[in-house]
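First chain A sits with chain B, and in the next complex the same chain sits with chain C.
Up next is the complex of A and B:
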């Protein structure tokens, strides 16, 4: 009998531990979680994003000064970094990825915060925008690359790069010096001038530089910027999408060339 | 004012500097000095424009070179020594080269009697940027940081550890106590930091005939924030070296050896700092048994609308920290307030300090004014993504030996253009707004100074 109780207790303790572990990873969006998240937010986020999350913190203006990007206005639409369709809000995992990885050039990685703290901050950030209460958005499927890059796929990607007019913003060589960029025609949702990403520099790829990151950027677009979603154009054309991804990766010369 | 030949030389110098810089740095890119490299962000994450820190950069500094709200020591703080790469090392090391390429001086009286010949002349001269600084800093592990600045004065020669200290952060709980030990600038966290200014300090020229504990003449005054300055004529360090009335000192010293703590125990709005330093105006070591103590509180306002504001008050209590002509010790204290307000492209700041000598020796009684004040008001305007216009007003009501002291008031204006966020060219003009007819002292004799130079960090 006592052996059974011991085993049962051990199972219950194990399950309790598992349950609390899950909660620590991604807390329920309770008032307590929001209050904890607010403390984290005010220490780490408020200085750029502002007290009310409008992207107008005491240090926020200097990030881009008279140009884009400025810190995210959490109360508005147009979230750039998503795995969801253009116009949708990001998923919790999208927010977590951005907080964890940062945005090269503009926002540091907050991997220095414990996972639990990052999730708490996300709970608080979501509470600043009532649209998040309308339900969890549906992410697109971001598949694994179906085949490795080849000379043929890269060459085909180059043709697609021009077919889909990527060069008009990013330039013939991907330097971000396309005619639309040079003429200053590119503006963000706030009307601020924005430059096209330099595809020859991985650090210019704000939504990540792996093949899946680039695939995601192509499919979702970067809302609030001139970068559109190519989900409709590439719908059912998986090979074209991956060839284009491989060509974009081939424009930069960094090591870890084809990082999956 | 500049004569025709001087204008031509100045113009050619500015043009040459500009062309050289544009040739070497052909296109805009993100700056990548050490911390920006480490965290993969642009300089303007922490700076309004280098070297001025914005609100985020101030919190990064307060947290011992850790991102605000974090305590992990950053990415490389977790690496084992054997796993470090050259990229990791560059995340700890940076360089700064700053100074003038061309400068022009205009005086009322050239080559006055009793001063060094050839120094006080209306002339334009080419120079190499005066200051080269190598700094290594960052975190070694969770909540432990360090900073070492090795400076080389290109003009005067010699190199020295300007600042070097270790920080222990978030002692007790987050933001409760941050401890700093070593040689540091006490005025790091107040509203107007000593070592971060758009208009850099221009050192005074002291006559070469000065001897220990003897009256000393200035060839030329210095151009530095008056609130931070020594303010007194006729003070000496414990070795008898003349203390320039224009040098940064006490709480606003560029560096003192000691220990201090700071923190925000009640939240975002309140910052405290207390410290104790040797305070004998010595680079290292301590010939003065008495220690100086200081305290500062800062109140922060505004958390949104791209607006930031804060006010600070401080007191520095000296203990036999200087001497007068008779070699007697004095207690030299400072009390001051400073404030800063930033709204989008406008950055306003001011500091006012009263210096008071206590325990005046009988030997100089009636000959020495024991009170002096300094007022500095400045503004920077980021008129474009790359251009900063600055203006600074400095009024020094000098104290000290009545037969030597002379109050000064200067206004400096500067235009700085960032070729990249870490490479800037500047032109600057400082002019004396007190009448030259008031006397022939150094404080009146210098009428105008023009500078053009570079400020590069990498």
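Up next is the complex of A and C:
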């Protein structure tokens, strides 16, 4: 009897793991999918992003009124969090990642929605910008860290941090208090004042705080903000790129959760 | 005993006061209802109580939009009309009705070369400004002084003192028909040199490559936007390789360096080849136009936009003059 229960429990655990681990397939971008996505959008996104997706929802009117960030205008604006080159649109996976993870301090995670619902909302959001019809954007290669961080790599990253003028916005110690940020010289694409990210606080890293997330932010830049893409400057300099990533990670205090 | 009787008197006084208050409250309710409509029955009274009162604070947001304007509907809360890259431009659609070129305008004798004079229509002209020249904008440099200098002089308006010709104005003729040609696209350059973009203004065809380079011994970033949308934002380290990017959309591109806020440049991109940039004396020359009525537009980064309608013949030269006031 106890053997049967054990087998049954093992089967149930296996099935539960399988169903939660399977990534729901992105639906075809049909009219039916858009209509389904619109219902989810109006329920979950409209409050900030507005009825027409212009970033002017009832709550969005208050957010980012006088300083960045403002809710995204899905009809025309750039996307900050991408795996594609500067100026390009994000991939579907980029949008799914942002919807699922949220943006720390600003946009909530919508992992509470079923995967099918998140995909449907993405299909609808994409339909608001005609540029998505021009073709699927090509993502950059975001590799796994080739080696673990070391004192030497972090020290080299510190030199590169100053070489690439990261300190002019993010400050000498990464507190986001660089001279350009302090003087209020930084503006986003809307002309709103924007402050540099505090690299000593992981929750300030809106595009994610793992080493791959920081690598991706460095390579793609954050369009619509002063943060440029370093993909061309670091082209063929993989070691420099990862040393810089490790130094940025070392600035945050959560050393116990050092994920690389 | 005395204390006990006074205590009783106090209690009875308080209870009498409360009773008087209750009576007053009931009386005021009654007069309130009957003052409104004394002929109402009990049923009407109940009905009127059940009817939701139009209250701003309690009505849901969706219902408010029907009667009361939401913050978005109110005029003073509406967002301002978006400027094109922060520049206040006239509406491009506001083209005046077709009319012949004004003969009263002072004609400028412009050279027309022989080889193109017989090949097709040529539109030549000049962009002039006879007003007072603003002084150059001086901006104090707060970083990288050894390369950028202590002060940067920005002279966006350059006018020839003799001919009053405006330099770096972009003249474009919209032909309202699809253009198919095999003219090779030229590479446009954006050079970071001594903390300035060179050239400051240029015009190019859609799809033409833009090569961005950095000649300075320090880091710049080149942030190109069109209608507040990022086209490219790249870091350019000292001694780094040039970066190429095609400009695929027609329109006015603003180029800025976020590291040095005084660095600014413009690129105007057109779908057709009928454009030119004025030279030091404000002259322009556009060839290869199909005959007919065409709209001519002139843009300058500080003077704004002018429009005209011209009739282009099958052969010959059309002379134009645009004057910014």
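By definition in this document, the second predicted complex is superposed on the first by the 230 of 260 C-alpha atoms of A that agree within 3 Å, B and C clash if a C-alpha of one lies under 4 Å from a C-alpha of the other, contacts with A are read in each partner's own complex, and residues count from 1 in each chain.
One rule holds in what follows: a contact is a pair of C-beta atoms (placed from the backbone, for glycine too) under 8 Å apart; a residue touches a chain by one contact, two chains touch by 3 or more.
What you see is a predicted model; the values in this text were computed from it and never measured.
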- Figure out whether A:147 sits in contact with chain B (first) or chain C (second), or with both, or with neither. neither
- Scan A:162 for contacts with chain B and chain C and give back first, second, both or neither. neither
- Query: Touching A:58, do we find chain B (first), chain C (second), both, or neither?
  - Reply: both
- Message: According to the stated criteria, A:228 is in contact with first (chain B), second (chain C), both, or neither; which is it?
- Response: second
- Task: Please work out whether A:183 is in contact with chain B alone, chain C alone, both, or neither, and reply first, second, both or neither.
- Result: second
- Do any residues of chain A touch both chain B and chain C, and if so, which are they? 56, 58, 61
- Sites on chain A touched by chain C in the complex: 56, 58, 61, 76-78, 86-87, 163-165, 168, 179-180, 183, 185-186, 189-191, 221, 223-224, 226-233, 235
- Message: Quick check on the complex: what are the chain A residues that touch chain B?
- Response: 40, 42-48, 50-52, 54, 56-67, 102, 104-113, 203
- Item | Residue ranges of chain B touching chain A (in the complex, touch as defined) | 30, 39-42, 44-45, 47-48, 54-57, 59, 66-75, 174-175, 268, 302-308, 342, 344-345, 382, 384-385
- Query: What part of chain C is in contact with chain A in the complex they form?
  - Reply: 61, 70-72, 77, 79, 86, 142-143, 218-219, 221-225, 227-237, 240-241, 243, 245, 258-259, 261
